[in-house]
Every structure is written in C-alpha cells, then in structure tokens.
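Just so it is clear, A, B, C and D label the chains in written order, and each chain counts residues from 1 on its own.
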Amino acid sequence: MKITGLVTVIICGALLIFYAMDFPDFGDGTSPASTYLSPYFIEHTIEDANVPNIVTTVLADYRGYDTMYETTVVFTAGLACFFLLRRKESQNPPARFYRHTPTGITLRIEEGGKLPAEGSKVFMRIDSLWAPDSLIIKNTCRLVIAFIQLFALYVVAHGHHSPGGGFQGGVLLGSSIILFAISNDLRRSIKRFNEKTSAILGALGVLLYAGTGFLCLLLGAHFLNYKALAPIFRSTAAMARSHGILCVEIGVAFAVMAVMIWIYYNLSSAGKHDEGL
Amino acid sequence: MDIIYSAKPLIAILVSLFVIPILISSRSDNTREAWTFVAAILKFIIIASMAPLVLKGAQIQFTLFEVMPHLAIKLKVDSFGLLFALVSSPLWIITSVYSIGYMRTLKEHSQTRYYCYFAMSLSATIGVAFSANLLTLYLFYEMLSFATYPLVTHHQDQEARSSGRKYLLYILGSSIAFVLPAMLFIYIKTGTFEFVPQGFMAGHFTHGTLLVLLLMFVFGFAKAGIMPFHSWLPAAMVAPTPVSALLHAVAVVKVGVFCVARVITGVFGTKLLLSTDLNTVVCYIASFTIIAASLIALSQDGLKRRLAFSTIGQLSYIVLGVALLSPLAVTGGILHIAMHAFGKITLFFCAGAIFAASGIKNISDMVGIGKRMPITMTCFLIGSLSVIGLPPCGGFISKWYLVLGTLEAGKMFFLFVLLVSSLLNAAYFLPIVYRAFFCTDEESMFENTVNEVPTWCLVPLCITASISVILFFFPQPFLKLAHMTAQTLIGG
Amino acid sequence: MENLIHMIGAKFNYIAYIILMMIGLYALIAKNNLVKKIIGMSIFQTSIILFYVSTAYKTGKAIPIVEHGHGAHSVIHATDYINPLPHVLMLTAIVVSVATLGVALALAIKVYRQYGTLEEDDINSQIRIQAGK
Amino acid sequence: MVQQLPALLIIVPLLTALVVAMASWISPRLCLPLTFSGLALSLAASIGVLMEVIAHGPVTYTMGGWNAPMGIVYVIDYLSSPILVVITSVAILNLISARKSVEESFPGKTGAFYSLYILFTTGMIGIVATGDAFNLYVLLEIAALTGYSLIGLGNDRAPLASLNYLFIGTIGASFYLLGVGYLYIATGTLNMADLARFMPQMADNSMVLFAFIICMTGLFIKMALFPMHGWLPNAYSFSSTAATGVIAPLTTKVMIYAMIRVGLYVFTPAYIFNTLHMSKAIVWVAIAAIVMGSLLALAQKSLLKMLTYIIVAEVGYMVGGFFLGNRMGITGATLHIINDAAMTLCLFMAAGAISYKLKDDSFASMKGLFRKMPVTMIGFGAGALAVIGIPPTCGFFSKWYLITGGMEAGQYGFVAALLFSSLVNAVLFFRIFEIAHFEPFADPHDHHHHGHSETVNEAPLSMVVPLLVVAAALIVLGIYSGDIVTKIIQSAIPAGIV
C-alpha cells in the first residue's frame, strides 16, 4: 500500500505541478480571476449593501445562498454526529468514580454498586482521568470565558466593518463553552447548556437564516433578496440589505455555536454524555 | 385496401389480462374456472367478429403509445395475424375444459397461479399475432417467454427447475443476444419497423449483412425450435399436459414460426430475398431440422418427448413453406399453422389423458392401451394422421399445398425432404396406435376393462379430433385466409 | 534553467499547495491508522483552501474591506483591493472540511467502539475471522 | 407563485428538515407527518416546475435577486426538471416504505433520521437545480455528509464502510472543487452558463484541460465508476435498508447528472467531443465497468451486495452512453438516469421489505419466498425485468437508445457489453427467482391445495403499496418513454449534437 501510495502521489504531484506552470503568477492582479467578477463586488458593495467588508457582502448577500447551505452543512455535521454516536446508557454504567472531598479518597464503584446520593456534599463525581490540581485552570478559564464571549459578540456584530462575522463569532462563542467543559467537566457543562438547547439552537440558527430568506420570498421578492425587507426595517434598499446581512449573521452565529458544542459533547464522550474530556 | 381503426384488437389482447385479478380474488375453484371460460369465449368472439372484415380484405389497426419518436406500440389485424388468432383462441376454450379435467384429476397445486399465467400467455400470443411492427412483436414475444416460465416449472421440483433454466436460457438468451441487436441494427439503418408487404430492408444492406441479420432472426426466435436452438422444447415437456398441449404445440411454438414468417415477409420482403437467394439458406436449415427432428423422434420413448420432437419437425415445415416464397408454398406453410395445431393438440390431449388415467408416460408401456381407452386412442389415430398428412384429416391439405409449392418453386430437393419426413412421421406415430390396439391378450399390459378419463378431459380431445377431420372437408376460412396472406405478401 | 527558477519563484504558491495535497493524499492511501487517514484528509482539503486563497492575492494590495467606507467621497478602485471571492468560497470550504472532519471522527469512534482498534489491518483481520466463523 | 417554484422546490424541504430536527426534541410524533408533508410539497413544486418547463421552456431563478454571474442562479431546464421529479418522488416513496423499519432500527433517533433524510434529498435537489459550479460543490457536500451518516448507522460493519466512503467521497468532491478552482482562475467566473460562454476561446488552454480531467475524475469517483467503485458495495449493503432505499437510487444517478450537466453546459460538447480525444477511452472504461460490474454481481451471495454491483454496471451504461457523444447515446444516458433511479428504487424497496421480514438478505434465506411474500416478489420481479431490459418496462427503452447510440458511434464494444450485461442480469435474477420459486423443493407426491392462505407472511402494507406503485411506474415510464424523449430530453441536448 505504501509503495502504491507513493507512486500515485508522485505521478499526481508531477502532473499537477506540470500543469500549474501555466497558471497566473502569484500575486498577479491581471489574471481573469481578479479582473472579471471581483471588481464588481469591490466597487458596488457600498452602493448595494452599504457594507464596507466586501467579504461579508459577498458571503451573506451576493452569494448568500451558498452561505445558507454552508450553515446547513454545519448543522448537518452536528446532527450526523448525534445520529451516529448518541446512545442512552442504562442507569448503571460500568464503573463510576467518586471523590470523598474531605479526605481526598477516590472511590471506584462497580456496576450495580450503591451510588452516593445525587446532591451529596461529601462525595463528588469525578471523571476517570480527573486531575486534582485544577484551581488555576478553573479560575483562569472562568475569568477568560466572559471575555471570550464578549469578544465573540463584537466579532459577530462588527462583521460589517472589520474581519469577522457569524462563523467566526459563532466559533468563538462555542469555544467558550467548550473551554468551560474542558476546565470543569462535561456533566457540569451539560447542566448549564444542555443537549436539547444545543440541538434546537442549532436548527433555530439555520432557520433564522433560511427564514429571513423565506420572508423575502413571502414579501414578493426572490429568496434571500433582503431588499424586500426594506418596509420592515423602514430603510433604504441598501440599508435593508445591510440589516438583512446582520440577521443572517446572527443566525449563523447561533447555529455554529450550538453545533460546535453539540459535536463536542458527542465526540468527547463517545455519545454517552457522561464522562468526557 | 381498407384500413379500419378500431380498439378491437387491443380488447382481444387485454380481455385475458383483465380476468387475472378476478381469478386471483375468486373464492372457489368453480368461479375461477367459470371466469376463465368467460374470458376465453369473449376473446374468441371478439376475434371472430373481426374475421368478416378481414376476409373482405380490410385491415384493422390500432395505435397504443408512441414509445419512441416515430415508433409506436401498434396493433394490426391482417389475414395472417387473424388466422393465427383464430387458431389459438378457440383452442384456449377447449384447453380450459381439458385443464379442469386434468388438473382436478391429478390434484395439482397452485391452480390459481396456473390459470393466471395461462391467461397471460394467451394475451401475449394474440399480441404477437396482431403486432404491426417489430417492436410490438418483440414486446409480446418476451412477455410470452416470461408468462410461460411459471407454467413450465409448475411442479417446482428439481426436474422442473433444470428444465425451466434451459427454457429461459434458450428463449431469452437467443432473443436478447440475436433478435435485439439485429432489430436495433435494422432500425438504425432504415428508421422503421413497420411490417409492409415487400419489407423495408431493400437497398440498405450488403448481401453478407443481410444473411447475418436473417440468420440472427431465424435462430433468435428460438421459439420456432429451429435446430440447434430446439432443445428447450423437449425440456419444457415437464409442464402439465394442458400447457404442453396449448403452449408447446400451438401458442408458443407457433409464435416462434409466426415471428420468423413475419420477419421474412414483412421485414426482408420476398423480392429482396428472392433476388439475393437468401431464402434458400433458410430452406436448407429448415429441411435439416425437419429430417433430424423426425429421426430423433423415432428414438424417443417418452410419449410427450416424441410429440415434442415431432413438433420441432412440423414447425420447420412452416418455416420451409414460408421460406420457399412461392405462393402455394406460403399458403401451405401458413395453413399448416392451423392444421398442425388441431392435430398436435389432439395428440397432446391424448397423451395427457393417458397419463391422467393410468400414470403412464412411456410408449413402451402402452401396449394394449387402445382396448382400455378406445375413444382416446381413436382420437390419437386421427391426430397422427393429420400430422403425418394423410386424408381424411386437415393436415393433408396443408401438406398438399406445401408439396405443390416446392414444385412451383422448382426445388425438387425440398419435395424429397417433405416426402421422406412424412414417411418418418408415419414411422414414429403409427406403431404407437398399432401396438395400442392390436396385441394379444398376453402382450397387453392392461386388463381389458374400459377405463376412460373423466369427461372433462375426454370431450376436448374428441372435439379437436373432429375438427381435424372437419377441416379436411371444409378448410375454410383458414384456407381463404392463407390464400389472402400469400397473395398480399408475395403478390402472386 | 533561469527560466525554470523564475517560474518556480513566481508560482511557488501552487507548488506549496500541491506538496501539501500530496502529503494528504499519501496519508489517505498509505496510512494504516484511521485517525492518521483523517488527518491526511484534512491536510488534503486544507491544501485546496490554500490554493484558492493564494489565487486571490494581489501583490501589495489591501484586504477586501473598503477603507473609510461610510461617508467616503473617493471612488473605490477595484485594483486597490485583493479579490474577495476566493475568500468567501473558502469560508464555505473550511466549514465543509470541519463538518467532514466531525463526521469522520464520529465514524472513527464508532469503528473503535466496534473493534477496539483503529489500525485498519487489525480491523480487517477481525472481519476476516468473523466471516470465517 | 409560479416563478417562485424553483425556490420552493428546495427551500421547503430545507425548512422542513430544520423544523423536524427541532420537533424531534419537543414532540417526536410530529416528525413523520412533517417530513411527509415537506417532501410532498417539494414533489408538487417539482411537478409544477416540470409543467412550466414543458409549457414555456427553461426557468431561471436568481437567488437573492442577483443576476448571474454575480449571484447564484437556479436553472431548471429540460435536463434538470425530470430528474427533480424523480428525486422528490423517490424520496417520498421510500419514506413511506421505510417508515416501519426506521422506527425499528433507530429508536429515539427517528427525528434525526428524518431530518438527515430530508437534508439528503435537499442536497440532491440542489445539485440538480443549480446553475453555479461552486454551489454544486456545497450541495454535493450536504448530500455526501448526510449520506455518510445515514449509511454509518447500519449493521456492525457499516461505520467502517461509511468511513471509507467518506475518505473516497471527500477526495472526489475535493477534486471537483479543485477543478472548479482551475476554471475560476482561467475565466474568473463560477456561473455555468458564463463558463460555457468562455469555452470556445479556451479550447487549447491547458488549465481548462486539467480542470476537465480533474472535475470528471472527481465526479467519476463520486459516482463509483469502475475501477473507483470500491467504496460502493460495502457502503450500500451494510447500511440500513431505509437509508439505502434513498441513497442507492439517487447518489450515483445524480452524480451522473452532474457529469452530464458539467459536460454539456460547462465544458460544452464541442470541447469534450471534438477538441479533446478522450471520449473513446472513457467509453472503454465504461465498458470495463459494465463487464466487471456484471461479473462481480455474479460472484455475490447476498441480495443487497448483488444489487450494489448491478449499480456499478449501470453507472457504466450511463457514462458510456454520454461519452459516445451522439444524440442517441446522450438521450439514452439521460433517460437511463430516470429509469435506473426507478428500477433501483424498486429493487431496493423490495430488498428492504424482504430483509425487514427475514432479517437477512443472503440468497439461502430466500427459499420459498414466492409463497411467503408474493406481492413483494411481484414488485421485485418487475424491477428485475426492467434491469434485464424486457419491454415494456422502462429499462428496455433506455437500453435501446444506448445500444443505438453505440451502433451509430461505431462502438461495438459498448453494444456487446450492454448485451452481455443484459444476459448476466437475466441469469442473476432468475437465479434468485429459482431459489424463491423452487426451494425448499416440493415433495412431488404432496400436491397440497392451499390456495391463498399462505400470504400471511407478506410485508406490511406501507411497504407493499409503494413498491407496487414503483413497479407500475416502471411500466408507465416505459410506455411513455417516447413522450419523455421527444418532449423533454431531446430539448435538453444542445442542438450541435447529432
């Protein structure tokens, strides 16, 4: 297999490099790619949508339809991970670990053994890979998470003017929760942001995107033509586009955040949502 | 020539298909069989009602669907098709009577399935008879192959399984491997499939291509049983006897020769074949089959197998007659479809009756059976005479025309073939009858008590036997139809 | 020769992406461990992203955000900014590759749960033993 | 409303998928009715669009109101509209048929299953309807991701099969993406019609040549053209029948559609058939696919595996037909997309019903099936006849065009391969019929007289009825194939092709 692989790779690579020699030079501003469509986007972004960030305009408006499916892909991945991995374990998993907080003794309770009461102050449920000295990590993370989230909101909201937008902001939001889950444990994170929330929020985010588009359709314009929203926002067509872009960006942020968390839950605990990283 | 547009041919085809749901849902055996009769009789009435028009020289046409641009599933009733339909549809009624007797006597299983597929087979047969173009013909041809498979394998045992395999391998294999590509090739070159009196092939192909295409059709329609594509027929004899009787003496095999005849006359055209002399090739192939099949028949001990080989030989008579392309020979060949049908079905009915009454399948065990089943064996004698071609049976007339046709075409070799094979026919049929009646009491394998089969079985074979005789004296309307066909196709 | 060197210098972005891509492809074909294959797949997809983004680059031009967008009186010149379209496309491609990675990992976890290993030949021998039974 | 149909066609299922995903957490009972109504609306929209196309010609829909080439447009023309109807009908029929087995196989996850199922359909619809080369990639990935996950939850070996499918599918999709990238840097546009406009002046551009090679390679991998078919048999036979029922009829066929779309409407026929000299070679690959697919199918011992190899052979039919490069061949390939989807659906639905009842799909377990499940076997028989190519089932007619095309192009190897595979298919199916019909061997002395009391073991009505509908559709499609060809497909093929 190794030799076959090597031969394939060398042949493919040689062919690709050979043909690549006819391509435009790196940084060539006169290639067709740079001179045919992109000037339109660059020159009309302000006029069409009043958004200085051209990538945002193209992403959420000119090619907004692609982006809707991009969001759907994210959602699909979350759903797929859930569908493939999630399993409801019986009430008595193979073995659980408890830490007796006053003494620091760790108990391993085999399947079917008597478990401490759920709200017990003395016994703390821990993961099998639990490390005791997490004070600094926990507190730092607790401190940082808020700022991450604040920054994420800025990234979402300020995508019109600076690099950023729904995806980036959504990932940041999601990672803040994931950081919480890593620094504490999965169960505590699930208690705060449970599976149902993430699943519904993920779908809702995409729905916000598609729904905005559908609203345009209902208002008589083509799907995702935010211009039709002008009466609702009481603004000009260009501003309506700008607002429309914000709406869908928020949808994207919700979807990405929720799905990131959902995927993390499923992957980290192999679908059990019990013990995890 | 008048062309009448009417849905009658379609109804004639569909009537037996529509009855299938009723057959499946009927609660008792009696209602089921009653409905079979209704369908069979209706079918016959519809077909017969078209006869006066066709005899006057009209054609009935009906176009169903245009399945491809300029290519439709189309039905046409002309004299040739009508003749074939007129042979098979009344025989279905008679066979249904016989089936009831046979199947009930032997307490066969899955009778509903049996009647359903039987009805379907008849639809396909009439469909072939009324096809107006090659595509429609092929469609019904394949439908017939599939509809008969469950009938051939009715017993569902190891023997039925291997026979069924052989059956499909020959019939389906040859049609997919030979007929289909030949059809496509012709379609690409000519752009039409419509059967017309002088064919549509002229001027499109070279001599060699024509020969290859002709052979692809002749062998591809394996239902015609032309050697070496014949051995499915003896294998198919594992089927219950009514199936062998109607399908493997009349419907299926005649569909094969009908297709060959249609292709020779309607696709290639007589002028083209005569000018290239390709028909002689087919004549030689048919002659070989006639002689070889008769010789093999001599050595068969199973009665049904002997009948099967006899059928193979007789089918090639028809092919030979058509391929000679002289008006009288064509008339004879086409008439032979009818005459042989009545004769051979009688023989099969007799074979079935013998089996149902005594369980005997082999000829060597039948010594003295004539005394036990006199009516059956008398009918057997009549059937044999018809197939051999001796008066006072219908087979004589068709053979007479065939002989005249060889003389007309000036091909003495084939006259010789016909005569030799008639002798061989006599040699493999008459000893059976002789041994059945004339034997001493010591030789007889049976006690001298008359023990005929149930009336349900006996009546049909008497009817077909008497029709065979009647056809000698009153060969109309079949003779008229055959004449008309020969005239339209050959123009002579 | 000089020509060749010039060419390589001017088109190094393509060469870089092709090398990355081949590394990914090699891992996909030759590696035995499923996670390594998944990593290879990721590299493979990333290389295409690199290719696209590199085509968007124009030497010395600004990122595609209009300067002083609001209230600016000056006319916007397309030649001042790099091409935004490949970036947009690649945002989609990145998301797709992340999603694929997620699903691949989920499947790998399922495979691990099933066979207790991620080495492909081990799995295959287990399958063969099962089939032999 | 009519001009919004192209959007509704795909947006309605998308919205439904999202709502179903949410409903599964709130009120799981609602999932099935929602799924059904979403797909039904989509089916209605697709039929509406088809009518519109037949009546008034191709429909274009600009997403977001941006005209091509700036924005993304949907182009529903003679080529895509019939395929859309096929996709939506396949999805809805299989949904009805699969309901019982979904509830049985995925307890607690039915909502997720339905949601993924609709998303898969959405992806397929999008691939067919889109007029943008990059948008096609995105939708390709949606269909692929949902496909991986639907396949991954099957029997024990499904996850590994699905993972291998994922690796190969990702390579294929990435190749396609790379090809689109090459086209983009060569022309600067992503819109298909716009790309085609550039083609005449690009005839000797090596970037376009390489874009063609790599795009087609990507699509060939995705459609499992021999010898890149390795992923398909395992992926399709180890997954749940509910999922295969929709994936098997659609995935390969839609990929072939994508090939035809990209071939005819991006690279243009003049370029691929006249400028390049590859079509002959590709036809030979297709011939190899047909022959090897048929032979490998012969070697299988279980129903689903056999069907998957038949798919491999059928892919060869269509790829070969397209690269014959003449009108007949392309007509045949296009018609066969429709017909083969129906045939495959019929066979897989029957196989689904059989394995739902028997919990097994090996040939050995099918003994006496004609007696136990007569109706299912009738449906199976209809599918089998269509695959063999017996008139008046639809399989005959598409094969007809393909063979005619092969003869016109002088590709007798292709003709022979088609006939060979028909014969092999006949053997394959009659082998099954024999087992189902004969075994266990009836005792010759025991002529039992049971009538129809033995139908007790038939599959549930919800499986049998859709199966019979598809079986009937096979014949209807056959009978009306003349209309389909003259009214729709002939207009789909550019006038330059003779």
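In this section, a contact is a pair of C-beta atoms (placed from the backbone, for glycine too) under 8 Å apart; a residue touches a chain by one contact, two chains touch by 3 or more.
Note that this is a predicted model, so its numbers are computed, not measured.
In this assembly, which chains make contact with chain A and also with chain B?
D
Between A-D and C-D, name the chain pair that shares the greater number of C-beta pairs in contact.
Counting C-beta pairs in contact, A-D comes out ahead.
Going by CA means, which chain is nearest the middle of everything shown?
That would be D.
Could you tell me the distance, in whole angstrom, between the mean C-alpha positions of chain A and chain D?
32
Any idea how many Å lie between the Cα centroids of chain C and chain D?
From the centre of chain C to the centre of chain D is 29 Å.
Using mean CA coordinates as chain centres, what's the chain B-chain D distance in Å?
Roughly 43 Å separates the two chain centres.
Taking each chain's centre as the mean of its CA atoms, how far is chain B from chain C in angstrom?
Each chain reduced to its C-alpha mean, chain B and chain C end up 70 Å apart.
Please set out, as single numbers or ranges, the residues of chain D touching at least two other chains.
Residues 134, 138, 141, 145, 148-149, 152, 159, 184-185, 190 of chain D each touch two or more of the other chains.
What positions in chain C touch 2 or more of the other chains?
Within chain C, residues 25, 55, 85-86, 89, 92, 96, 99-100, 103, 106-107, 110 contact more than one other chain.
Among the residues of chain A, which ones contact at least 2 other chains?
16, 23-24, 31, 33-34, 37-38, 40-41, 63, 66, 69-70, 73, 76-77, 80-81, 84
Name the graph shape formed by the protein chains and their touching pairs; answer line, ring, star, complete or other.
Here the contact pattern is something else, fitting no line, ring, star or complete shape.
Using the touch rule from the top of the page, what pairs of chains touch, sorted by label?
Applying the touch rule to all chain pairs gives A-C, A-D, B-D, C-D.
Sort out for me which residues of chain B touch chain D in the complex.
Interface residues on chain B, with respect to chain D: 24, 64-69, 71-73, 106-109, 112, 135, 138-139, 142-143, 146, 150, 153, 155-158, 160-161, 164-165, 168, 172-173, 176-177, 180-181, 184-185, 187-188.
Please give the residue numbers of chain A that touch chain C in the complex, ascending.
1-2, 4-6, 8-10, 12-13, 16-17, 20-21, 23-29, 31, 33-34, 37-43, 45-46, 50-55, 58-59, 63, 66-67, 69-71, 73-74, 76-78, 80-81, 84-85, 161-163, 167, 263, 266-267, 270-271
What does chain C use to touch chain A in their complex?
For this pair, the touching residues of chain C are 7, 10-15, 18-19, 21-22, 25-26, 29-30, 32, 54-61, 63-67, 69-70, 72, 76-89, 91-92, 95-96, 98-100, 102-103, 105-107, 109-110, 113.
How about chain C: which of its residues touch chain D in the complex?
Residues of chain C touching chain D: 25, 28, 34, 37, 41, 44-45, 48, 51-52, 55, 85-86, 89, 92-93, 96, 99-100, 103-104, 106-108, 110-111, 114-115, 123, 127.
If we count contacts the way the header does, which residues on chain D are in touch with chain C in the complex?
For this pair, the touching residues of chain D are 134, 138, 141, 145, 148-149, 152, 156-157, 159-160, 162-163, 166-167, 170-171, 174, 177-178, 181, 184-185, 190.
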